[in-house]
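By letter and in written order, the chains are A, B and C; residue numbering begins at 1 in each of them.
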Amino acid sequence: MAVITFMSDFGREDHYIAAVKGAILRQNPSINIVDISHEVKVGDIGQAAYLLKNVFREFPKGTVHLCAVDRMAKEPSRQLALKVEDHFFVGPDSGVFSLISQERPMAIVDINIVRPIMSTFMSKDLLAPVAANLASGKNIHEMGKPVDSVYELFARKLKVTKREIAGNVIRVDHYGNLITNIEKKEYETIQKINGNVAFDITIGRESVGTIHKHYADVDSGECFVFFNSLGHLQIGINKGNAAELLGLKLDTPITINFHV
Amino acid sequence: MAVITFMSDFGREDHYIAAVKGAILRQNPSINIVDISHEVKVGDIGQAAYLLKNVFREFPKGTVHLCAVDRMAKEPSRQLALKVEDHFFVGPDSGVFSLISQERPMAIVDINIVRPIMSTFMSKDLLAPVAANLASGKNIHEMGKPVDSVYELFARKLKVTKREIAGNVIRVDHYGNLITNIEKKEYETIQKINGNVAFDITIGRESVGTIHKHYADVDSGECFVFFNSLGHLQIGINKGNAAELLGLKLDTPITINFHV
Amino acid sequence: MAVITFMSDFGREDHYIAAVKGAILRQNPSINIVDISHEVKVGDIGQAAYLLKNVFREFPKGTVHLCAVDRMAKEPSRQLALKVEDHFFVGPDSGVFSLISQERPMAIVDINIVRPIMSTFMSKDLLAPVAANLASGKNIHEMGKPVDSVYELFARKLKVTKREIAGNVIRVDHYGNLITNIEKKEYETIQKINGNVAFDITIGRESVGTIHKHYADVDSGECFVFFNSLGHLQIGINKGNAAELLGLKLDTPITINFHV
């Protein structure tokens, strides 16, 4: 049974989500449609990319991911279908597709160039049928004309030296966990050079000298710092809301200082 | 694979949505159930009708639409199943069914008259099994006794003359777009009579002299007026929230003045 | 077609719900996944149990119910799979499983003891594949090692005498209905002893001398008291919001005084 995931900034009060699903099922009523989130902030490409990057590999290979979040630009975006790591992606060329994988796309096609349509509801009139076709096994090259590259956005860069990795909080989740753009691989590279020296992680006014493995490593109410399942440095409070208790939020700087 | 859509005013914190879905799947576990919205305001028939009317035709013919929104009346509503434009509808006779289509129903049956049940959860105990039966291919005439007509509500009327079409905002969507009850066909009828004269559209304190085709026709931050995919006059701000920026809301009068 | 229900305290802004669904569908893409609610308050076992107990029997026998709500305890919970009343349950041993049925579980197994995994996202890495396996027909005894009992929580006790049943509001639903822990069987037991005497139900400052059958038994705006489809005494206002109009909330005492 074919699977399509669906993410948008549509919210849930209108009929827009259901209209897109209807357009998919009209083409193939046995597709299993799974919502990723429809609470993405309007036009927030960073948030859309963060969610999509973190979840798409959980789905079976061949899954089609429909991402109906567009950037706030004057010119209309191109509408693309991509194949990346054996998954398919369909959506406006908002920059989101430059942020979800380090691997080169296996295919990129412009799906609105052969018989272009103009619509004020492209997700329903163009993306839904293309997603349904891909999920039903049609070849991506039948969906449009090949293009060379996607619109590129750059993730906010880390400052990485022998003495310091300086990053930011890139997401505060439902539980108040603070997720940063500091990744395990940078940490390990620097520690290899430094020879596993001691360090301090500065989190607002708090300082922590260890990276933990499990929540159970710290007492209730204490600060818990670990690399999450996606390799991002994450800060939580065991049985508490870190964002509230530490008074931190999106974009707060987080620094690892190495004792060298 | 059979499809049932489901709309209600249940909200998402309780087990009510899942209870209805369970009752459907207990009858036929392979039905594909698609939520339309469960954020309808309690008892808001106008909103329910607006969503349903705008979305049902996106689904495959034969889809069953379960609409569990009832009006706030003292007497219990009849419980109906209808066939309209080759789609099925199941729900209380709240008036919603008089607003979703201009076409005559192909069948209307009272589903709680042959072996009437009394329950404080009719959506689960009556509507869900009837919807599952219809989706599984049973004949609508086996579901109840034919009735002649549905409870009729009247959509708020437009004032239409050679000089003016005066309507209202009937919906403010998630993006702040203002959707009106002025439809393309009335506009075209009057313009045919007038011979395509110039006009002004009055939107609060703003005035616009054009109906646009695409968002790209106006600059960012400018007012964008167009007939949406459903033929309703819609007012947006390119890359902005029209309701907030124009200070308008549900029921605000919107007028087209023709220069005759 | 196999059905898995899914309840959590994840909220809807993150990718967590979709990650668990992806992990299920990766194992078996034709499973029908139904959300119960993801708006459970973080760690609120009472609410999770209330929802699950009230809804699981609506689903076909053999349905797997994944309940990803854990209690706020220092030690990590065991991870269990249970068979109860021919339904399967998978989740942390939070106490929720002691509250959903009066019947003895047909099987209880610890699913993280044979080849234990440690993960900061157990719902995805452990619960999802076990749920998918059970839904696909695997035997529960292949999923782990049998254990004797679940972690037991006790529902708040009623005070029951010949003269009085004293309980509390245990849930305020989306409509403002007040649902209590006073059950029909206790009421009937006492009334059998008392010989069906008259009584008063005290609800804040209001008092009602009858238990109604249907909303239509009272006028609009009047207090409506009945045993709901689950046998719980429930207080509503016909066409109104009881919690708001009566000024009552979770935990408010509700008393039936018998005239003996």
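Brief remarks follow.
Note that in this section a contact is a pair of C-beta atoms (placed from the backbone, for glycine too) under 8 Å apart; a residue touches a chain by one contact, two chains touch by 3 or more.
Here the structure is a predicted model, which is why all the values come from computation and not from measurement.
Where the sister copies chain A and chain C meet, the same residue numbers recur on both sides for under half of the interface positions.
Chain copies chain B and chain C are related through a rotation whose angle, from the C-alpha fit, is 120° to the nearest 5.
Averaged C-alpha coordinates give centres for chain A and chain C that are 33 Å from one another.
Residue positions of chain B touching 2 or more other chains, listed in rising order: 32. Note for the complex: chain C touches chain B at residues 1-3, 5, 32, 34-39, 50-52, 54-60, 63, 173-175, 213-216, 219-220, 226, 228-229, 238-239. The touching residues of chain B, when paired with chain C in their complex, are 10-19, 21-23, 25-26, 29-30, 32-33, 42-43, 72, 74-76, 118-121, 124-125.
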